[in-house]
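In the two complexes below, subunit A is the common chain; its partner is subunit B in one and subunit C in the other.
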Partner chain A sequence: MAVSTAPDGTPLWRRRTPRGDLLVWLGWLCGVALAVACFQFISDRTIWMFVWDAPQQGADLVGRMFPPRWEYAHQLWKPLWDTVNMATLGTALAVVIGVPLAFLAAHNTTPSVVLVRPVALIVIVASRSINSLIWALVLVIILGPGELAGILAIALRSIGFIAKLLYEAIEEIDPTQVEALTATGASGAQVLTWGIVPQVMPAFAGITVFRWDINIREATVLGLVGAGGIGMQLEASINTLAWPQVTVIFALILATVLVSEWVSARVRHHII
Partner chain B sequence: MTPDARPLLALRGLTKRYPTGDLALDGVDLEVPPGQVMALIGPSGAGKSTLIRCVNRLVEPSAGEVRLDGEDLTRLGRGALRRARRRMGMIFQEYALVERLSVMENVLSGRLGYTGFWAAWFRRFPRRDVVEAFRLLDRVGLAHMADKRADALSGGQRQRVGIVRALMQDPALLLVDEPTASLDPKTSRQIMRLLVELCEERGLAAIVNIHDVALAQEFARRIVGLRQGRIVFDGPAETLDAAALTRIYGEEDWSRTIRRAEAAEEEELA
Partner chain C sequence: MSATAAPFDAVAAARAWRPPPLIATRWLRWAIYLGALLYAVLGVATVEVNWARAAEGLERGARFLAGFLPPDFLTKREDILEGLLESVTMTVVSTAIGIALSVPVALGASRNLAPLPIYLFCRAIIAISRTFQEVIIAIVFVAMVGFGPLAGMLTLAFATIGFMAKLLAEDIEDIERAQAEAVRATGAGWFSWIAWGVLPQVKPRLIGLSAYRLDINFRESAVLGLVGAGGIGDTLNTAFDRYEFDTAAAILLIIIAIVLACEYASGWLRRWVQ
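Moving on, here comes the complex of A and B:
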């Protein structure tokens, strides 16, 4: 904020001092220069010939994908069902582990800020920092291919997601409601279940269905690395260049995601 | 108030210094006999909330004693503290109901201290608790609201539920922190009247923090004035005059404040 006085004595107000204005412009200039430099860098490493004929290549591929081979869908119901189950069981497992973890990590519910909280936070960060596709790669090596690896991969990634969002919700509750119950002589466990759980219930429901929704999408690709579900059919079809089948798989995945989106929207609406 | 009666609550040298360095209470000595409704007044930041929170140890006192029926609460371990808290009902300015629970659940939460974890989890309260809950809800005119969610109630209704929750504890003492500060003047008077009536019916003592001096004079027989963590006035409501108010709040023209209280009293008698 800059206030000065005009020659005729009226006060003048500007958002920034002239110096501040100059700095902001310099910042913009640097940003643009950086963007140009980055573009140059990427451009030097791109084979533009391939990019220029991309529309043609794309059109070619689409041509090969049509007409879809709809009969193939009959072989997909089972893998699709597996995919949904993998997402659902993985989410359920993540809830079972993630919810207690959230209470251990939240400032206002952790048994010990010095000992327990940092451990819980590390577990959360570790789980979140690794994509479920990578978890699946590792688990397929350990457990062999199949749905079990997929379920665990989804659960391992979701634990951190659910625990992080939930512990943030726990830290944002209204403390006076908790105090009021403490003042009645309720035990710690009673204060938790009567005062804190009702307050975080909407957040919990929202987080869980949101993660379930994400997990449905993730479960569709886990098959690419052998962790079960429709992704295995996708990989097989791509490898054999069976593009009309790929179209069918895409269509089914799209339909499934739309349904899961609808379900989670309904659940969230209902609970909140 | 018989001076030789054993006090229900006795504070001795109660001191609270917050970690930030604020000395909120500075050696407070106070006795409250059974059945007495006492108003605690004082400017913002005087330490009123701190005082009542030190009594049930929502805030840990730094020094001094808090004796309830002779037992020093500051020395109690966890379990004993929980049992002692059951005898002190607390009522809050912002009601502090669990918003997403029903009115009935909020009322019954006053019994948590007497109920096991699983019984409370499955909402299996003893029949006499439920009967008492309905009786009290009826007493404050909210029996038809038992099934509503707490966040569907108006401010005055919420405060009634807050009062019922505190009474469900079957307390000997009520700790009341600005019960009317979020309510309109008429509802404020109704709530204060209800509180005082209920205290008389059940022989409860109460410490009521309040900013409205006229309301305090009207409804409490004893007034204690707190300033910067020290008691600077303690006497019957009638003796609270301009000089006392100046001692509590500082220099100001108090004639209107006091006259308003007297006018209200006359109106009450008329």
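Moving on, here comes the complex of A and C:
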């Protein structure tokens, strides 16, 4: 809160010193310059002729997408069921692997800070940094197209997510409860089940449902690389330029995601 | 001793404390357990797995993994560099545009600032932007503006708006009313009110979210290439299509390294802000 003086001697309130002002402006200038330079780079790689007729293209696309071919929906129930299955089973698998991993990674529960924790953290980061679509791409090559690749891709991506959020929750637990249990002479396993697990249970349920909700969204596109679900139909419809069918698929995806979001919001609302 | 201890144990066991279950209502709890079991059976039963193909895949997988090693950073050096630059520029521009656009949307989507029609309109924008996976939005943008990083940039900017606006609006709805009112009481106009009464309260959150979104946008930019929207994903897809698995491995390693760096940087930034 710097004060400068007006020419007639009255003090003026200013938020920053002149130097601070200058630094803030410099920061903004650098940020904007970076963004503009980056945009220049993208612009060089864009054929602007195609962009200028985008409104026309867009209108044309919408024109071809309507009216939707609603009869096509009958062929979509099975893929939609598969999509939900991929998300749910993938999440379940990720929970089975992610939960022990979280306990290995948390500072206060890891068996060894020097040996085990870094390994667990590396597994978590590797799983988190690769998108499930890329996991699916790799798995489809190994396992062949189908739902199994999709389930595993969802699981591999979710392990890191669940483990990261859960280990942060474990590290934030109230240590006095654990201490009280230890003081009664409880063994390590007893401390875990009675002192730590009850404390992270709400967080765990919230994280799992949250990830399930995200996974429903991700599962809708895994089919684009051949990993089963409604994305396969989307890919086929786009490749045959059957845009009225694409509209139906979009509508179904929208409905599914809204339902899953509602479910997850309800569950999280109940827990918190 | 043991003869008298046995009934005592039974009584004690009946009165022993149990942790309260996660779902308090008894019938709901059992209904959920039963439903989950039923679903698991149905779900697993309907998954069609070609086990012969999967078993064959294990051997194929071993060869595939062997193809990954050692990662080849050099042969396609220029393609990788080009893809990375595209990804990074896409990330920077889309995050900047997305944040700039998400602040007004967030203000409009806060019930304590905006009148109902504006509130509903902004919430609708958020809902649309959040529903569809980035890849689906990218397909539409590629169809509209053609292949290349511009489509990816537009996609990410669009997704950023929904993400940032939703979380920021939640934060704005939770602000301390007294501070905002105090600014209002000095006779400040609407813009001064927002700038001095509301924004300072949500600033740490805004910066934290921006850093987080930058991180997400980079990760997403790595997959948009699969549908032709530019970036390192394009290079990765090409490498897979040409069976150049060693180059693909190199690209995956680079992605992991950059995401790690981003994560550390954003964690550090968030700690510094708070």
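Heads up, the rule we're going with is that the second predicted complex is superposed on the first by the 254 of 272 C-alpha atoms of A that agree within 3 Å, B and C clash if a C-alpha of one lies under 4 Å from a C-alpha of the other, contacts with A are read in each partner's own complex, and residues count from 1 in each chain.
Note that contacts are C-beta pairs under 8 Å (C-beta built on N, C-alpha and C of every residue); 3 or more make two chains touch, one makes a residue touch a chain.
This one's a predicted model, so the numbers in the text were calculated from it and none came from an experiment.
Visitor: Give one of first, second, both or neither to describe whether A:L254 is in contact with subunit B, with subunit C, with both, or with none.
Guide: In the superposed model, A:L254 contacts subunit C only, not subunit B.
Visitor: Which chain, subunit B or subunit C, is in touch with more residues of subunit A?
Guide: C
Visitor: Examine A:V263 and indicate which partner it touches, taking first as subunit B and second as subunit C; both and neither are also allowed.
Guide: After superposition on chain A, A:V263 lies in contact with neither partner.
Visitor: A:L61 in the overlay: touching subunit B, subunit C, both, or neither? Say first, second, both or neither.
Guide: A:L61: touches subunit C, not subunit B.
Visitor: May I ask you to decide whether A:L93 touches subunit B, subunit C, both, or neither, giving the answer as first, second, both or neither?
Guide: neither
Visitor: Could you say whether A:W194 touches subunit B, subunit C, both of them, or neither, answering first, second, both or neither?
Guide: both
Visitor: Per the contact definition in the header, classify A:I141: touching subunit B only (first), subunit C only (second), both, or neither.
Guide: The answer is second: A:I141 touches subunit C but not subunit B.
Visitor: Mind working out whether A:A73 is in touch with subunit B, subunit C, both or neither, as first, second, both or neither?
Guide: neither
Visitor: Could you look at A:A183 and tell me whether it touches subunit B, subunit C, both or neither (first, second, both, neither)?
Guide: first
Visitor: Do any residues of subunit A touch both subunit B and subunit C, and if so, which are they?
Guide: Common to the two interfaces on subunit A: residues 194, 198, 201-202.
Visitor: Could you list, by residue number, the parts of subunit B that touch subunit A in their complex?
Guide: Residues 56, 58, 82-86, 88-90, 92, 94, 96-101, 105, 109-115, 117, 120-121, 162, 165, 169, 175.
Visitor: Flag every residue of subunit A that touches subunit C in the complex, lowest number first.
Guide: By the definition above, subunit A touches subunit C via 31, 34-35, 38-39, 41-43, 45-47, 50-51, 54, 57-58, 61, 81-82, 85, 88-89, 92, 125-126, 128-131, 133-134, 137-138, 141-144, 146-148, 151, 194, 198, 201-202, 205, 217-218, 220-221, 224-225, 234, 238, 250, 253-254, 257-258, 271.
Visitor: Considering the complex alone, what residue numbers of subunit A touch subunit B?
Guide: Touching subunit B: residues 174, 176-177, 179-187, 189-190, 193-195, 198-199, 201-202 of subunit A.
Visitor: Quick one: which bits of subunit C touch subunit A in the complex? Just the residue numbers, please.
Guide: 19, 22, 39-40, 43-44, 46-50, 53-54, 56-58, 60-61, 64, 85-86, 88-90, 92-93, 96-97, 131-133, 135-136, 139-140, 143-146, 148-150, 153, 219-220, 222-223, 226-227, 230, 233, 236-237, 240, 252, 255-256, 259-260, 263
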